[in-house]
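Input: a single structure, listed below in structure tokens.
The first chain written gets the first letter, and so on, giving A, B and C; residue counts start at 1 in each chain.
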Amino acid sequence: MLGEILNPYYLQVAAFIMINIILAISIYITLSSGQLSLGSAGFMGIGAYTSALLTIHFELPIIVGILAGAVVAGIIGILIGIPALRLQGVYLAIATLGFGEVVRIIFVNWESVTRGSIGLSGIPHMGRELLRFFKDIGFDPDMIGLKNNQFIYLLVLLILVLINIILIWFFTRQNKSRIGRAFAAIKMDEKAAEAMGLNITYYKVLSFAQGAVLAGFAGALYAHVLAYISPADFAYHRAIEILIFSVFGGSEVILGAVFGATFLTLLPEALRFISEYRYMIYGAILVLMMAFRPQGIIDASVLNWFKKNLKSKRGTNHGTRINKNN
Amino acid sequence: MRRVIKKSYLVITALMLVLLAACGEGSGSGSADSKGSSDGPVSAKIGVISYLTGPGAAYGEAITNGFNLALEEVNEKGDVNIELVVEDSAGKQEQALTVSQKLMSDDEIVAILGPTLSTEMNVVAPEADINGISILGTSTTAAGIPQIGDYVFRNSIPESLAIPAALEKAVAAYDVKKVAILYGNDDLFTQSGFDTMKKVAEDMNLEIVTIETFQKGQSDYNAQLTKIKDLQPDLILASALYNEGAVIMGQARKMGIDTPFLGGNGFNSPKVIEIAGEAADGLIVATPWFAEKENSKVQAFVEKYKAKYGMAPDQFAAQAYDALYIYAEALKNAGEADRDAFRDSLAEIKGLEGILGEFSFDKDGDVIMDPTVLIIKDGKFQIFE
Amino acid sequence: MLIEQLINGITLGSIYAIVALGFTLVFGVLGIINMAHGEIFMIGAFIGVVTTSVLGLPLWIAFIAAIGVTAALGYLLERIALRPLRGKQGVSHLAPLISTIGVSIILENLSHHLFGAGNQPFRNAFADIQFQIGSITVYLVQILIFVISIALMLTLSFWLSKTKAGKALRATAENLETASLLGVNTKRTITTTVIIASAMGGIAGILVGMAFNSVNPQMGLSMGLKGLAIIILGGMGNVKGAMAGGLLLGVAETGIVAYGDSGYRDAVAFITIIFILLLRPQGLFGKKTAEAGR
């Protein structure tokens, strides 16, 4: 029965949604302290290449590779973040844009390591490795009526969902903490925040580095879900796409990023004819959102409205109402 | 705040439910009655992944046109009855992977044709291999693709076959000693072509005077060409897609470089003449496809294609056309719509006569074929002697 | 070869400079980085192709058509993507940047749909006129591009410093509210600026088409990013800086191809962005101000 329900196509789409959510959160975190980074594709690439190279050449377990990818992206994030703090607003955006492109050009040219535009193939696939592990310990997906690829993508999806839940939980907590309030204060008015005695350097680097870590982390996951990466995956357009997730969904609350990534990943899948006009729609979204709803679809007031409604109608069917808003 | 978290779970869970519910409908209908009975024609569904929307949509269109034309003829013949299920990958790895999952999870689909780009193939092929479904690329020419697995094939001639053929003839004709290489280094296709060019040139003991690169969206190649002009090579090896390639030739001729150019698969298109005009003269390419070949099959194909789609078929359409014939032959020989039986009979294909010539697979599932070497002369592709 | 490469570099640099002039004009007045400028440039180039190669009209009509269309695009850009954001409460200073990125994506994909992904040849007899000086061939187009870029820079400097409209523009750049109190029609000034900047992009587009005989939808992005690097190099809002920065980048890129590794050609611009921003945010030719880095 389970076997008939689980279509790998949907599992696959859902897995990409999960990865995109992490990317959207990475932009959200940097934006939450008032910084705009267009370098997320670069950090994503650093994470992806780090993890892929470590697992291919040194046969490290995937989880070590992914964590290393996130850490390396974070370290580079700090290195870029500290000097870049002298820059504000648009200048930071442009410096990070330049950074992202330099990273891509390095991937293209450093052929001895990255194999240039040929890309890295044969990256250990998260699901396939797990399948092997399960088969080694004597468990076969047939035993619960699943085909190999159903089992693989189910596992991948479960892991990604788990990661997402942890991340959303963590960052929601952080938002309510001293750190989150400091980010918000800096976003509101940097000079005032400084005058209040906040160490703005620390908090700005922190938020920038958190964004870098998340982007690197998502990149590493991407590498192990696709099993093939090439420099073209981490170009300028990717950075813009990630930005759109957050701008569209809402850049003030974390659920905005979640919603934006989910909706915009599903949209071209659900409506195939849209696929062709996907980028034009993305462009229009950016222009319209800035003009009419710069905070994005979901903001604090939308959440409050939900909260009220959920409370008053508790016990009714949640699923349909939430669907309506997706 | 708790509620916020809870809600995020809810959103995710609800989404999952929608997805699961939707897919329940889709896969429920799969049943065994589609398998051909022993006496009638073997009927089967074949999945097609093609690049149908986005900047490279023209490739995907030519390819699907080629499939459809062959499909009519094959089904008319009556040995097999094939139905194509076409999905769009938009030239993106993620999308190619998701639609391939869609196709692979449909039990009625026996084998897959496509995807269009080598980058997509690199992602899709391992997945097809692990799921035990044959996949055949009609336009994926990068090195190493059929080697991905037992279920992975192609009928497009790789650069490792095309470039040596062209280079040998060019070296003999022009007494080439020194070559310059120019290639696009931010594209899988051209990079892979370059790797082959460099290796072949080294194997033939040619002196490589310089290696220059260019990038997508660049319109000024003067700096590279001035450098090349100064080094006076006997031949310029250019691994470029026809779009950039034609512009490069135009700027080179304008600068006074009249050295012949030698291109890979991506450079081989009538569009080169359209874009570069007279400057295209002197381009040498090796190709399995030559529309002017004096062969009744080829001419019949060109005519039918023109009548149906209102344009001349290119290499991509021709390769797709032959690919469907290869699949039909394999299906006929397999005798049943079974994925494994299909693979085994596909691997056995030998000496199949198509519009590209005589076709066989080697042990990896790669192509064995003799390409034709062409040169552009007086604004036309002609056989290079 | 050195002189030939220098000519290549100056030609490329002059085109960069014209693109950068448009960037710097908008930044100087509005404090906005117009990310759509590269795409407007690309549309200008396509208009040139359509009028000369497809419709077979003479070159001067192509110039007028390209200037007209890009000016109209500039007007639309200001009306749709910039004006709604101006003076609105709670709009962050990042909003115009994001909004113009949106416009750039729309234009890039629009031209994909209209003209296809490929290169369009730009055939024109004028582009073939050449002089032989010793062993070096110089094309009239190359000289023309250089002259136009210098002329545009001088006109712009003169216009900004000497004419009434230019002064109004600088006043607006200084302080929007004060200028409007002093009787400057700021709305019109801003619109004019964006239109002029866009038209300059259109001119650059045609010149590229003539010089390199190649026009494609991706060239906008690459040119836009280069233009961005140049105004950072030359100093934001600095007209002479844009000119010098453009020439410098053009010669540097050609130099790295001629004497280094052509694979890193594009990296020059981006590394420049990073280093200039980190070390000398006011640019090579900019005056140091408290706001420059902030």
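Going forward, a residue touches a chain if its C-beta (ideal position, glycine included) is under 8 Å from a C-beta of that chain, and two chains touch if they have at least 3 such contacts.
Bear in mind that the values here come from a model prediction, so they are computed numbers and not experimental data.
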If you average the CA coordinates per chain, which chain's centre is most distant from that of subunit C?
B
Applying the document's contact definition, name the chain pair with more C-beta pairs in contact, B-C or A-C.
A-C
Chain-centre distance (mean CA atoms) for subunit A and subunit C, in whole Å, is 33
Interchain centroid distance [CA atoms averaged], subunit B/subunit C, Å
38
Multi-chain contacts only, two chains or more: what residues does subunit C have there?
221, 261, 263, 266
Hunt down the residues of subunit A that sit against at least two other chains at once, touch-wise.
108-109
Where in subunit B do residues touch at least two different other chains?
54, 185
Of all residues in subunit B, which touch subunit A in the complex?
1, 3-5, 7-12, 14-20, 22-24, 26-28, 53-54, 57, 88, 90, 93-95, 97-99, 101-102, 104-105, 119, 122-123, 126-127, 130-131, 142, 144, 148, 185-188, 190-192, 195
In the complex, go through subunit C and note every residue touching subunit A.
32-33, 80-81, 84-85, 90-99, 101-110, 221, 225, 228-229, 232, 261, 263-264, 266-267, 269-274, 277-278, 281, 293-294
Touching residues on subunit B, where the partner in the complex is subunit C:
54-56, 58, 185, 212-224, 226-227, 230, 243-244, 246-247, 250-251, 254-256, 271, 274-277
Please name which positions on subunit A make contact with subunit B in the complex.
4-14, 16-17, 108-109, 116-119, 121, 125, 128, 147-150, 152-153, 161, 164-165, 168-169, 172-173, 176, 226-228, 230-233, 254-255, 258-259, 262, 266, 268-269, 272, 275-276, 278, 303, 306-307, 310, 318-319, 322-323, 326
Flag every residue of subunit A that touches subunit C in the complex, lowest number first.
34, 36, 83-84, 86-91, 93-95, 97-99, 101-102, 105-106, 108-109, 236, 240, 243, 247, 277, 279-280, 282-287, 290-292, 294-295
